[in-house]
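Lettered A, B, C and D in written order, each chain numbered from 1.
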Amino acid sequence: MDKENIQEFIAKRVAQELHDGDVVNLGIGLPTLVANYVPHDKAVMFQSENGFVGLGPTPTEEQFDPYITNAGGKPVTIKKGGIFFDSATSFGIIRGGHVDLTVLGALQVDAKGNIANYMIPGKMVPGMGGAMDLISGAKKVIVAMEHTAKGSMKILKECSLPLTAANEVNLIVTEMGVIEVTEKGLVLVEINPEFSVEQVQDLTEPELIVSEDLKPMEVE
Amino acid sequence: MNKLISIEEAIDKIKDGDVLMIGGFLSVGAPLTLIDKLVEKGTKNLTLICNDSGFVDSGVGKLVVNKQFSKVIASHIGTNKETGRQMMAGETEVILTPQGTLAEQVRCACYGLGGFLTRTGVGTAVQEGKDVIEVDGVKYLLEKPLHADFALIFAQKADKYGNLVYHGAAQNFNSVMAGAATTTIVEVLEYSEEALNPDVAETPGVFVDYIVKRGA
Amino acid sequence: MNKLISIEEAIDKIKDGDVLMIGGFLSVGAPLTLIDKLVEKGTKNLTLICNDSGFVDSGVGKLVVNKQFSKVIASHIGTNKETGRQMMAGETEVILTPQGTLAEQVRCACYGLGGFLTRTGVGTAVQEGKDVIEVDGVKYLLEKPLHADFALIFAQKADKYGNLVYHGAAQNFNSVMAGAATTTIVEVLEYSEEALNPDVAETPGVFVDYIVKRGA
Amino acid sequence: MDKENIQEFIAKRVAQELHDGDVVNLGIGLPTLVANYVPHDKAVMFQSENGFVGLGPTPTEEQFDPYITNAGGKPVTIKKGGIFFDSATSFGIIRGGHVDLTVLGALQVDAKGNIANYMIPGKMVPGMGGAMDLISGAKKVIVAMEHTAKGSMKILKECSLPLTAANEVNLIVTEMGVIEVTEKGLVLVEINPEFSVEQVQDLTEPELIVSEDLKPMEVE
């Protein structure tokens, strides 16, 4: 799979985690793609941390409104049933557990469910934006990312970069498999049939617990 | 009590060293005319409290490029490389704050609260120097209010009493900052001598000291 | 996701021993049909979180008279003599809370905050048993969130997504309680299959689980 | 003066404390009367803790709206420029110092600016409603009350009833005079010409400091 196919594959698999009625926040980058694969029988509302629920697709020229943008500042639309609100309410929704699911990328995740995705000291310090709030507040946190970064491992025994949040990640979805974060450690619950368990383990620092019920990772 | 003033009168109130809350999210819903006038005036040594530091060529980013801030408190500075450069070079102090914490800190100042407890940031660098308080077995950070001399905000429309309404995602930090500083100045697209419908108006005029019209 | 249910379905969800937030201020803006049905049903041993305890013949006061509460948390019980009688007789536990503190405690539950610091109540009986925290030389009480099983609220109008608008002083605690309990049920005067204007809607539908029509 | 005249006299004197542009909250009872004597050249907005600014007079039959009531539950109107909001915002306005002046009655006030006005243990326990917030939050707190209650003193060395707030009262206005609460103690700044300083002192428990600039208490 090339990079584009990998991202599509991951996004499609994450989309299977959506339930009817869910309120979902998608981080920038790969997670954004998840919106393209919402199952047709499921009504999902996307939350945008800059202040609304009901995030819709890019506007046509006619629909364009300079004051309707996503958290990346890009023009979007608002769906029927959506609502605008201020930043305090937006993070009340996020922190109060009213977001069912957040999907984010990561620089590193570890066996304890820690996640680092907001800075590389001395190199890149963009700030955490709403990521810390989302990870601490959402009912379920999914990390969606490529399994490695140019060959180096991203799923570690312990994150070395500054944490965005401690012990909050629930699920890790990569092109190699689906990993649940449990109190006992990382459990490989699905595997991409293109890879063997050994291959996944070789690119994952902590020891994986292989689920007794290990399934193939399938997307349509 | 005439709240409508000119952009010049508004900007003349701001002095070197003042602390400014400025509304907007990546420049969307920012008080652009007030910012441009402040760049022109060149007021120095300011502190910025804002969601982000905008872009080098728009919003509060212009003030960053013009080196008018000695301190920036924001949740995100990644869209303006000059902010990062000034931080790395030690020219500007930058405090990165989770977005939800920033919003609540501003609200606490408006609402007269001494702080609040949040799970956001527990076990991260954000925790450093802060009190960790345990309530019912859960650890929280005690976050304190952010006070400012001026809140410069933007709204779709104001009536002469200072009541405001917003449109779209331009609301963001604007309505939270209204009333949170000693003096609140709002830039609006529309101004009305007629009172807004009291059921529909969003920000109470008691939070708004002065009104300026965009581009005026 | 159909949020519209009958009053009977709504009231059947509430079990003996549940904690209820109920909107309204001296019965103005209270969910009167839900209350009447709950009186009829006779669910017992409930806890009430409400601004006040209404009047003996209106609003939550009817539930007080019907002895359905074992505990009442309110800012004011002076308009319903039965609440005071039950308190004096030791039949019902009553916790009196300053109105602003009550509103913030409810909001904290909705917003996932662990508490807040307020000057209200410092040096009074309200301080008893609470942590006093000093910030920048000022003493504050640490007040904690109030959680509930159900929020029973009232709004002027709901769309099918659960977005709400209010009218007049009927908003009071209603919009604060929306989303603050495990389950939020709103009683409305008007219900619309059409979505409300996203600029005008006040309470986000994500805070609302069920909608019932007044008198239905 | 009979009771009605006394109340009117006190309310008129309190009204002199209003400034153009002030946001004012009036407690129930005597303080409510202050609204009748707002100077014509001063634009004052009244705040109602149940959720609005712009409290207006009792409605005509045509104006009546069951959802527009004051904090006592009585039908009122909203003035032009007024706005409705929720209880959290209402108390944000109160606690955040956005109310310039609150006028309340009291059971007791004392030399330290303490006030008791919400309960008599074992007798009357209505609850504090919004009074604690108002007294702690408003920029200026005026107690407007009759100087004594059926002959017994209400201005005391130390309140014996449970406090509504500690050290928050700024000014006491009674039918006998106007008393400022200062760090040095209670300062009599105005006196009703019908009384002598001795008469006022006799009905006031703590020793009054008589202002060097003592003025007659006058209303139109």
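Here are some notes:
Keep in mind that, in the parts below, contacts are C-beta pairs under 8 Å (C-beta built on N, C-alpha and C of every residue); 3 or more make two chains touch, one makes a residue touch a chain.
What you are looking at is a predicted structure, and each value in this text was computed from that prediction instead of being measured.
Any chain bridging subunit A and subunit C, meaning touching each of them, is among B; the list is complete. Here B-D and A-B are compared, and the pair linked by more C-beta contacts is A-B. Subunit B and subunit D have centres, each the mean of its CA atoms, that are 35 Å apart. Work out the mean CA point of subunit B and of subunit C, and you get 32 Å between them. For the pair subunit C and subunit D, the distance between C-alpha centroids works out to 29 Å.
Shown for subunit A are the residues that touch two or more other chains, namely 52, 78, 84-85, 91, 94-95, 137.
The multi-chain contact residues of subunit B, meaning those touching 2 or more other chains, are 104, 107, 111-113, 118-119, 166-168, 198-199. Touching subunit C in their complex are the following residues of subunit A: 20-21, 23, 43, 45, 47, 52-54, 78, 80-85, 89, 91-98, 137. Residue ranges on subunit D touching subunit C, taken from their complex, read 48-52, 65-69, 71-73, 78, 84-88, 90-91, 94-95, 114, 124-133, 136-137, 162-167.
Subunit C contributes residues 1, 107, 109-113, 159-161, 163, 179, 195-196, 198-199, 201, 204-207 to its touches with subunit A in the complex. Taken together, the subunit C residues at the contact with subunit B in this complex read 104, 108, 111-119, 133, 135-136, 138, 140, 142, 144, 165-168, 198-200. Interface residues of subunit B, counted against subunit A in their complex, comprise 25-29, 51-52, 74-79, 84, 87-88, 96, 98-104, 106-107, 118-126, 166-176.
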